[in-house]
Structures are given as C-alpha cells and as structure tokens.
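Quick heads-up: structures coming right below.
Below, chain A partners chain B and then partners chain C, in two separate complexes.
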Partner chain A sequence: MSYLVSLLLRRSARTVVTLLLAATAVFVMVRAVPGDAAAVVAGLDAPPERVAEIRARLGTDRPLYEQYVGWLGGLVVGDFGESLVSGRSVRAELASRLPITITLAIAAFVVSLAIALPLGVASGARPGGVVDRIGGVYSQLGIAIPSFWMGILLLLAFSVRLRWFPLFGAESVRHFVLPALALGIARSAVLTRIVRGSVTAEMARPYVAAARARGAGELRVVVAHALGNSLLPLITVAAVQLGYLLGGAVIVEQVFSIPGVGRYVLTAIYQRDLPVVQAAAIVGALCFSVASLVADVLAGITNPKLRASA
Partner chain B sequence: MREKRRSQGARGAPGEGSRSAPASSGVAEGAPRPTARFGGLRAASGRPGRISGYRRRLWIAVGLLVLLAGAGLFGDQLAPTSPVAQDRDARFLPPGSPGFFLGSDEFGRDVFSRVIHGVRPALVVGLGAVGIAALVGATLGIIAGLSPRIVDSGLSVVFDALLSVPTVLLAVVIISVLGFGVTQVTVALGIVFVPLFARTARVEAFAASREPYYEASMLLAVSPLRRAAVHVLPNVLPSLAVLAATSLAICIGLEAALSYLGLGTQPPDPSWGIMLRDARGHLGRAPWLAVAPGAALALTVLTFNLLADLLAERLARRD
Partner chain C sequence: MEKKAVRRVPWVCAGLTVVLMLAIGARDAVGFGAAERDAQELVVAISGNPDTLDPHATSGTLTFQTIRSIYDTLIEVNDDGEFEPSLARSWSVDGDGLVWEFELREDVTFHHGEPLRASDVVATLQRVMDPDAAYPKADEFGPVDDVVAADDYVVEFRMDEPHAPLLAALASGWGAVLPRDLIAEGHDFGDEPVGTGPFRFEEWVRDSRISLRRYEEYRLEDAPRLEALTFRIIEEPSVQLEGLFAGSLDAIDMVLPHDLDRVRENPETKLDETLSSLAMVLAINTSREPFGDVRVRRALDHAIDKQEVLDLAYGGGHTGVTFHNVGDRYHPDIPEPYPYDPEEAQRLLEEAGVDLQRTITITVPQNYEAHVQAAQLYQAMLEEVGLSVDIRLVDWSTWLSDVYGAAQYDLTVIGHTGKLDPDARLAGYADGSFYTRWENQEVTRLTRQARRTVDESERMELYERAFRIIAEEVPQVFTGTNYRYIGLRENVEGFRMDGVLDTYDFRHTRIE
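Presenting the complex of A and B:
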C-alpha cells in the first residue's frame, strides 16, 4: 500500500511540474514572436487605438514577468482569460465543447481497441501465419492512411453512396459513427503492432513452453497463460493513444463539421485569437497528463513486477 | 539510478527505444514513458531473429523512393499541364476524359498534374522539418546525455513537458504565432519534433558515455567537442536515422493535415491537403477528387514507414 501512495505522490508531483513547464513553453513560444503580437492580432491596417486596446487585453503592455505570473496564476485556478474576438470566458467556451471532443476520442478509442486486440493477439499467437500477414498489411495501410483522408473515404462510401450516415453535424449517435471509425482505424493500426509485439514476446517465455509441455492446448496457452501478462504493458500505451486521439480529433472534427474543441480552436487561429489557442494547448496537455498519470497508477496496481523493481 | 537509464535505453529494441526512452532520473516508473504523440508507431514488429521478406520489402521501398524522388525533382516535366492552369470549359471532368487522366476539379484544373506537383512541397516540408528537429534535437540530446545529472534532469523534464502537449495542438500554437504558410509549417513541425530527437539522442549519448573508450578519452583530456563528435555522435546516428524516417512519414502526413485545415500551403499552390479540402466540398458531384491526392499521400507515408522498419530491423540484427 505504501508503495502505491508513494507512486501516486511522486507521479502527481511530476505531472504538476510537467504541466507548469508545458504552460511556460507555450507562454515563451507565443511571446517569442518577433515584433508586436497585438499588431499581428489586430491585422495590417488597424488603427493604433485598436492595437493599443488589444495590447491591453493581451496584457503585453505589462512587464514580461508580470504577464508570466498572471498567466500561470490564472491557469492554476482554471482561468484562461477572455477571447479577443468574442470577449467571452475561454474556459466556459472550452467547457461547452470539450464533452463533444472527448466523446469522439473515447468512441475512437473503443473502435481502435475492438480492432487491435483480437487482431494483435491472433497475429502474435502465430507469427508468420495467415492472420499475422493480413494484420501486417492492415497495420501498414492503417498507419499510412491519414485519418482525415479515411474520414473522407468513409463519407464517400457511407454517406454519399449508401446514405447510411449524415454528412456532417453532431446531433445524434449516428453522427459520431464515421468520425470515430476514421480516427479509430488509424490508431488501431498502431495498436495492432504493439499488441502483436507484446504477445509475441510473451509467447517466447519459458512458462509458455512449460504450459505446452504439460499438454495445454494452443488456445488455452494463449488465452489463459500469455494473454494477461502481455496486456499489462498496454495500459500505459493506452494513455498515449488518448493523447494522440485528442490531437487527431482536431482534424477529424473539421472533416465531419463537428462543433468540438477542434473547430473552436481553428476558428480562433483564423481570427488570431491567441488566448483560445493557448488554452486549447494547455487543456490538451492536461488531458494527456492526467490519462498518463492514471495509467501509470493502474499499471502499478496491476503489475507486481513494477512493485518489486521500485 | 544512472545505470537504470542505460539498461532501459539499450539499443536492443530499436522499435521501442525512441518511445520508451527513460526520462528524468529521479523518477523510476519502470513502465515506458508515454508521450502525447506517435503512440509507438514503430513498436516491435517482426519476431526477433527472423526477418520476413526483408529483401522484397527493401526493393519495394527503394522503388517507391525512386518514384517519389523522380516526381519531386522532375515534376514540372512529368506533369502534362501546369497545376494552376484553369479551364472554364473543363470543370468536373471525370477521370479518363481526354487530356485529364485523373479528371479535373471545380476550376477545370488537371488533377493528375496537381498530384504530381504536390510531391515536391510534401517532401520539402518533411525534409526541412526533420532536418531542423534532428539538428537541434541531437545537439540538445547529446548535451543532456553527457552533462552532469542536474543539467541532464533539467533538460529531460523540459523535453517531457513539450511532449505532453498533443502534436497537432503544439504545432497550431506555433503557427498561430508565426502565421500561415509553407515555411511557417516547416518551422513549426521542426520545433514540435525537437524533443523527440533530443530524447533519443540523449539515451544513446548517455550509453556511449559509459563505454571504456569514452572514459579513456576523458583521461586523455580530449576536448569535449571532439569527444562528442568522435566518440558519441557515431553511436547516436543509427537510432536517429530510424527516428528521422518515421518522423518524415509523420511530418508529411501532418503537413497535409495542416494544409487541409488551411494553415499550411496556401491556394492556388498545389498541395494534397488542399486538394482533399476542396474535394470534401464536392463529394457528391466529383468523388474522384478525393481519391488521387489521398492515395499519393498514403503512398508517400508508406514509403518512409517501410524505410524506417527496414532500418530498425537492420539495426536490431547488427546488435
């Protein structure tokens, strides 16, 4: 138990440090722009008063350290400032859109697991077999086909031709099927390779040979002996996938016109709404860091090997 | 603790190496360190000791590479027409129409010519971004790997922090500052990929610094710069080569995605991402517009992924 408490504490401390540094990096990047950010935001032939007003709203008229402390202090209490364009609270705007994006990411995650687990396990159980070859081609293609093209192809087949699914929007469950597939298939290709590698490595262990020697059938060897152990390391991999899915959702949302965080951020970039873009990056880092924290703790609970080595 | 770093970062598993590179000493989770990106794109493929169809895949990869290089270098000569030439009388012609092998788009531009002309920008952005990332990342990584622990930990924590922001979002932040365009996207992707290269270089540099020849060079008072160049760099390069090939594939995909979002290549310049964006608006009327640019993009990504796999297998065999 004390091991878990110390793991949780150490891991949480690191998450906080990582997030603070990520926030700092984003701050530095935005401030490092040569010239006046406010002038960039205002546009080319904006009157000086407008530039001064934006400068005040961005806070770039204050000394750098003051801006930095203000920005970090705001983040700690969850205050991302106001949108330069609408003047509304960025946090409220993000909060209303985040559920849509997270729904999409989780749906895609389920899709990717539903494909990758059976395919990866079957491939890894018999390397070089028929399933493995099909799985190999599938994962190469899945990695090569970008999710936004996959989305367009799915739209072409299932919305334009077959008319099974709507062309855009996010009103019902049916709206999420194709985006989740587009995003999930690309991830499943990567996951299949990881699952396969993990299972293959586990199948080469002595205990598997021992199980075979005792006369266990191949199915039993894979399912009852190797499977559990080979899936343990995948908990941390799953967290990584979630981070990737959040980034990928930005693009896929655009293809399917889903009004999530991705669309919000994109509109913000076109309008040079810096506070919104910054906030989205931090929220992305937050989601990923928390997922990876949870995964590490879960891995600590489920995997006794980690406990022994700590 | 320091020894642990090394054992985890051993080059034995090049597939996992880049992703699960251990980070800051002081925190040992035992589990691979995740990042928000590249969810183990190149994770363990092929069972150890047996390389299936290595030769065949090598030829496929080389063939595709030659094809790409040819289209990139001689695109102007290969394409039948200019990628921006508009023809009001030839709008939305289906593939196979005379003079329009792959059809034409809403402005009567030749899809085939535009696809061919899209090769060069894709390769230039990819190579540029990976070049920036490799140069800066390798330098920072080697410095971290050879520095005293406090400097090393500090740099590593920064790399981790940068990797915690999802790739697309970080690129978008940088682009919102730099502005839209091909150069901006190249620089943005270059910056985004720096921590990944730095982390890989750091692990290899640290491993090299434990080798007897490195310790001997310390005793012989070889200058630090020379030591890094002669004794460390050669150890770092193989892993970086694998990472570079993978990153090239990812960067080319991201460039297309960013152009799709309207942040990268600007119209009327040909770009696969922009072509797909245009195609999205005419799915019912001209479905063929969505096929060719996507296929070209997928083929390019496939080429560099194949190359990365082959390189990784080669390295695994050598060790």
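Presenting the complex of A and C:
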C-alpha cells in the first residue's frame, strides 16, 4: 500500500509541474498570435480611441509579466478570470459546459471499448482469420476517416434521411448517440489494433502453449489466460485515449451543435478571448494529466512487476 | 456451460450496445421535427451565440438581432428608412439644432413591472456614455452635453453642436432603453435583459438557445402575435437547412447561394429576400504603390464584373457605385463611373506604368466564406487584365488588427455593415485614418458640414456631393449590396426583416 501512496504523491507532484509548464506555454502562445479582443468587441467603424479604451478596461494593455502573475495567482484559487467579450466568469461558463463535453467523451469511450474489445480479441486470437481481416479493414477505415466527417455522414443518414435522431442540441440521451458514435468509431479503430497486437503477443507466450498442453479449449485459453494479461497495456492507452476524446469533441460538438466546451473554445479562439482559451487549455491539460495519473495507478495495482520495481 | 458463457462475453457487449442505441433512436422517432411546442412558438435558427444581451456592451450583429425583440428604442425606422415613433410619441428640434425634445408614451411598462419614465431614458444615456465603462457604442450619440427629464414624459437632449445623426443612434440597437432602477443596482443586462419590448427574456443556454415569451403588457394592442420566440444557435448552414425542411425550425438566418432554389422549390418552405445594409467592397490600400495612383484604382474598378461577383459569391444583389448600401435613400442615383471593361483596365494600367510582374495580394478573413469566394473571383478578373494576384487567408481577429487597424495589405474583401445615418459611414472615411488610408479634404469637409446640418434635403445634397467624389476616386471598388435571405416555413406569416438595421421584427409574425 505504501507503494501506491508514494506513487500517487510522486505522480501528483509531476502533474502540478506539468500544469505549471502548460500554463506558461499557453500564456505565451496565445499572446504570440496576432489579433486583439478589443478590436473584436469594438467592431468595424469604431474610432481607434474607443479600441484603446476598451483595451484598458479589459486590461490587455498592461505589461505581460503583470498579466501573467495576475493570471497564475487566479489559477491557484481556481479563478480563470472573465471573458473579454461577454464579461462573464470563465469558470462559471466552463462549469456549465464541461458536464456536456464529459458526457460526450465518456459515451464515446464506451462506444470505442464496446467495439475495440470484442473485435480486437477475436482478431488477435486467430491472426489472419476472417474476423481479423474484417477488423483490419475496419481499423484502416476508422483511422482514415476523421471524426467530423463521420459525424456528417451519420447526421445525413440517421437525422436527415431516416430522421431517427435530432439534428442539433443536447437535451436528451438521443442527442448524444450520433456524436458519441462519430467520436467513438474513430477511437475504436486505434484501440482495436492495440488490443489485437497485445492479444497476439500473449498468444505466442509459453504459458499459452502450456495451457493448451493441459488440454484447455481454445476459447478458454484466449479469454481466461491471454486476455487478462493483454489488458495491461490497454489501460494506459485507453486512459490517454480519453484525453484525445476531449480534443475530438471540439469539432464534433460543432457538427452536432452541442453546447459543450469545444464550441465555447472555438468561438473564443476566433475572438481572441484570451482568458477563455487559456482556461480551456489548462482544463484540457488537467484532464490529460489526471487520466494518465489514473492509468499509472491502475497499472501499478494490476501489474505485480511494476510494484516490485518501485 | 461455463465455456459458452465466457465465449459470449465480447459479443454480448457489442450486441447490447447496438440494441440500446437502436432502442433510444427508435423511441420517439415519430415525434421528431415536431417536438412538444406551442402552436404559436416560433423557432428561429441564428448562426452563432451572441456575445451578450446587453445593448451597450457589444458591436456584434447577433446581439442586436436577438435583443430587438426584448428592448424598445425611442424611435424606429421603417422600410423606407424614415423615422417613426416608438417609445417616443413625437419629437422636435429647436432652430439651432442644439436641443432635441422627445415626448414619451405614457402606457409603457418594463418587463419587471415598472412604468417607463423620462428618467429611464436619462439613466440609459448616462450608462452608455459612461467613460469608465468604455462601451463600444458610446460615440454613436455624438456631442451630447446633457440629457434631462423636463417632466415625467419629456426628455431633452442638449447638444454641444448640431448633430443630425442623433436620431439614427436612438433608432439603432444601442439606443435600447433600460429601466433606471436596475441600472442603479448594476443589474447584469448581458445575462438577464429587461426591457419594454414585445417579448420578455426567459432563458439563455449558451451555444444552445435563447427563449423568449410574449410580453402581455406590450404597448401595441395587436402585437406580438406569437406566444413564444426561441432562438436556436446553430453554426452549420446545412444543419439549419435540414432543420427547416424537417420542421424543427421555422426560420433560418443562413441560406447558402446554392441552396436558394431548394428552399424556393420545397412546397413547405419559402424565402424572404431583402436588400441587406451591407456595402460589399474590394478595398484598396492607397498608401501602397501602385494604388496611390487613381488611374490604377480606376483600372481595378474597370476590371471587376460586379454583378458576377454579387451573383456567384453573395447570392445576388444590386451593384453599387459608392461607399453606401444601395437600397438606402442616401445612396446617390448616378451611373457607374468605371463600368466593367477589361480593355480599358489594361489601357489604364499601361498608362500608369504598373509593373505587371509584381504580385498583388488579396487578404481575406477566412471565416467569411462568401468573401473568400468573392476574393477568388476578384483574383481571376484581375489576372484577366494582366495582374498577378495571390490570396492570403487570415482569421477575423487578425484581419481586424492587421488589415483594418494597421493597413498591412494591398487589397482586401469585406462588407461594411449599414448604418442608419451616412455620417457613421463617412466620419473619418477620407482623413487618412481609415484602412484605405485615403485622404480627401473636400469629402471630409462635406461630411462635417452634413453632420451639423439638421435640414434633411440640405444634408442629402451634401452627401450626394461627397458620395460622387468617392465614386470617382475609387478608394474601394464598390461591388454593391447583396440580398439577405431568410428561410421560412410556408406557414410563417408577417415576418419582417429590418434590412437597414439587419435585424428581425417578430411583432406581427404568426404561425398559420
């Protein structure tokens, strides 16, 4: 148990450092890009003095180090500042949208696992078999088709043609089905390959041969012996995939008009709404870090070897 | 037995997922398109989330399109661009043009129950012009020295100098009147707007919808007709269009040029076509060579087939001659000084000794698909007369700061939003500070004089002279004004597009 505690502590410290680095990088990057929120707020035909006044009100004319220190100070207490364009608290805006994006990401995650696990195991158990070949084609396609395009195809087929699902919004479970599929299918393609590779590798090991020699049936060999061990590498990959899902949600939310974090951020980028872009990047980095932290801990629990080497 | 169960695990997982999804999908498939809503609820798709619902805090069109139904202004503008009474029953100006007097209606109440008084107007004007707040629209009202309540229902605007554009500012979205008690409390109008308009605010789910409900105490007897008005925020034009066909949307604010016929031909939908308030231009940086030479600018004007650009990129419209929207009464009725004539363009370029090998760049904001398409047409037309032309795409914010702010460009494509008063277009247009960096003292002088001239026919004459000079000097190629298309369900009646303000008037709209 003490091993787990020390693992948690070490990884948490690393997470904090990662976040600080990410915060600094984001701060610098959003300011390196040309563009000015005050000009967006003022609009065309506003006199230059007006733009300067708005800049002063927003505080974007203050020295960079002052802005940086002020922003970091806010971050520590969980204050992301206010949107330059709407004047609303960024934290409140994110808080109202995050549940929607997380719901979408988790739904997509379930979809990707539900496809990747059975398909990957079946493919890996008999490399070169019919299922493996179908799985191969499936992952090729899944990786090649971007999730937003998949989203448009699904929308055309199931919302426009068949009218089974709504075209826009996020009011009910039905609203999440197509976006979750669009996102989940793309991710499942990658996962299928990893599961397959992992199962194939385990199948070549001596203990599998030993199990066969003991007279165990093929399915028992696959499911009871090989599967458990092949899941280990999957845990880490799957957790990182969850991070990718959050990223993919940005575009898919746009396609399906879902009021999540993605659309909020996209608009903010166009409007140079710096506090919003910064906050979103930090939240994204946080999700990624936490996901990989969880993955490490899970790996630590499930893998005796890692425990010994700690 | 055990073996069989184990064998099934992965397949059961997959099967269950599929069944679950189909079940969810099929459940109320029948109800799709006609989700539970009022018979008199109008659902309108708008192409983005407004920045705020505070009429003073933004310059965003989406905000004004939404809040038009929530707030009222002192005066309104009709389809011919003439001012009409609204909250003010009547108005007058003294002989020097220094004092404007507005007499308010006495039967108006705000959505929170308070009656409208002159002091509300005073508080509103103090708010928008508050220097500490730095609201983007503070300058619109001009040299206002003081706004006072002469009595409960009379407001006086005292000006430092005559300022004819005041009426236009009061009729625009930023002229919305707010209640004084909430202003004093520092109420967040951006989040929870309270006005005297035909609909009261119910809920705003960011990036999803804005719900309004009929205001029973609205000052007009027969309006509004609708029970509820819902704005759905949908960025994708194709999703808007399919939503309209499916009946889940009653009106949509984006119909792409190639979809116009689909909306016209579908028996369940129709198209509202209004001349917009935009002046579409190919703007020229006159501070960069060779564009300082008026012959070169005229050559560009001759090289462009404006109707073609309007039809192919902007979905149709009327060609223009000067820096104003074509439909407006101030737009001068003069023939195109440099009509489409590629040979004349070539001749002028040669005469000016332009180096045709040097590449000219058209910088375009990439978020406006129509402008990007127009840029491609301009490129082809300019190459036709021998110029070599590149296109550079930039995002909106970069366009605003680099092109519009710092004039770092050769040519650019944009549409200038209409203003009720020509002064808003021409102030600063010819003093070298505008992004064309064009200077003309006569235009600047005429504009100043017109601003101080309260008599309308005199103003019109002054503006006509200014617009003529602009047409001949070509600081921008004036392509013209496009149509604004609103897709509607066939059963939607009484919808009015306020073309001059580019907003919607839903007061007399109803669903048959």
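A few comments on the model shown:
Following the convention adopted for this analysis, the second predicted complex is superposed on the first by the 274 of 310 C-alpha atoms of A that agree within 3 Å, B and C clash if a C-alpha of one lies under 4 Å from a C-alpha of the other, contacts with A are read in each partner's own complex, and residues count from 1 in each chain.
One rule holds for everything that comes next: contacts are C-beta pairs under 8 Å (C-beta built on N, C-alpha and C of every residue); 3 or more make two chains touch, one makes a residue touch a chain.
Note that the coordinates shown come from a computational prediction; the quantities given were computed from them, not determined experimentally.
Of the two partner chains placed around the shared chain by superposition, chain C is the only one that A:V223 touches, whereas chain B remains out of contact.
Using the contact criterion defined above for the overlaid structures, shared-chain residue A:Q254 touches chain B and also reaches chain C.
Applying the stated contact rule after C-alpha superposition, one finds that A:Y270 touches each of chain B and chain C.
When both complexes are overlaid on chain A, the residue A:Y244 reaches chain B alone and has no touch with chain C. After superposition on the shared chain, chain A has more residues touched by B, the comparison being chain B against chain C.
Using the contact criterion defined above for the overlaid structures, shared-chain residue A:G74 touches neither chain B nor chain C, since it reaches no partner. In the overlay built on the shared chain, the residue A:T200 is in contact with chain B alone; chain C does not reach it. When the two complexes are overlaid on their common chain A, residue A:G59 makes contact with neither chain B nor chain C. Applying the stated contact rule after C-alpha superposition, one finds that A:L153 touches chain B and leaves chain C untouched.
Chain A uses residues 33, 37, 40, 155, 159-160, 167, 254-255, 270, 272 to touch chain B in one structure and chain C in the other.
On chain A, the positions that touch chain C within their shared complex are 33-37, 39-48, 50-51, 53-54, 56-57, 85-88, 93, 96-97, 110-111, 114-115, 117-119, 121-122, 155, 158-160, 163-170, 173-174, 177, 181, 217, 219-220, 223-224, 254-255, 257-260, 263-264, 267, 270-272. Remark: chain B residues 15, 19, 24, 27-32, 34-41, 43-45, 47, 50, 52, 157-158, 160-162, 164-170, 172-179, 191, 249, 253, 256-257, 260-263, 276, 279-280, 283-284, 287, 290, 294, 297-299, 301-302, 305-306 touch chain A in the complex.
Only residues 3, 6-7, 9-11, 13-14, 17, 21, 24-29, 32-33, 35, 48-49, 51-52, 57-60, 131, 133-134, 136, 138-139, 190-191, 205-209, 232-236, 239, 242-243, 246, 248, 367, 395-398, 400-402, 404-405, 414, 416-417, 419, 424-425, 428, 433 of chain C touch chain A when the two sit together in their complex. Those residues of chain A that touch chain B in the shared complex are 7, 10-11, 14, 17-22, 24-26, 29-30, 32-33, 37, 40, 127-128, 136, 140-141, 143-146, 148-149, 152-153, 155-156, 159-160, 167, 187, 190-191, 193-194, 196-198, 200-201, 204, 233, 236-237, 239-241, 243-244, 246-248, 250-251, 254-255, 265-266, 268-270, 272, 274, 277-278, 280-282, 284-285, 288-289, 292, 295-296, 299-300, 303, 305-306, 309-310.
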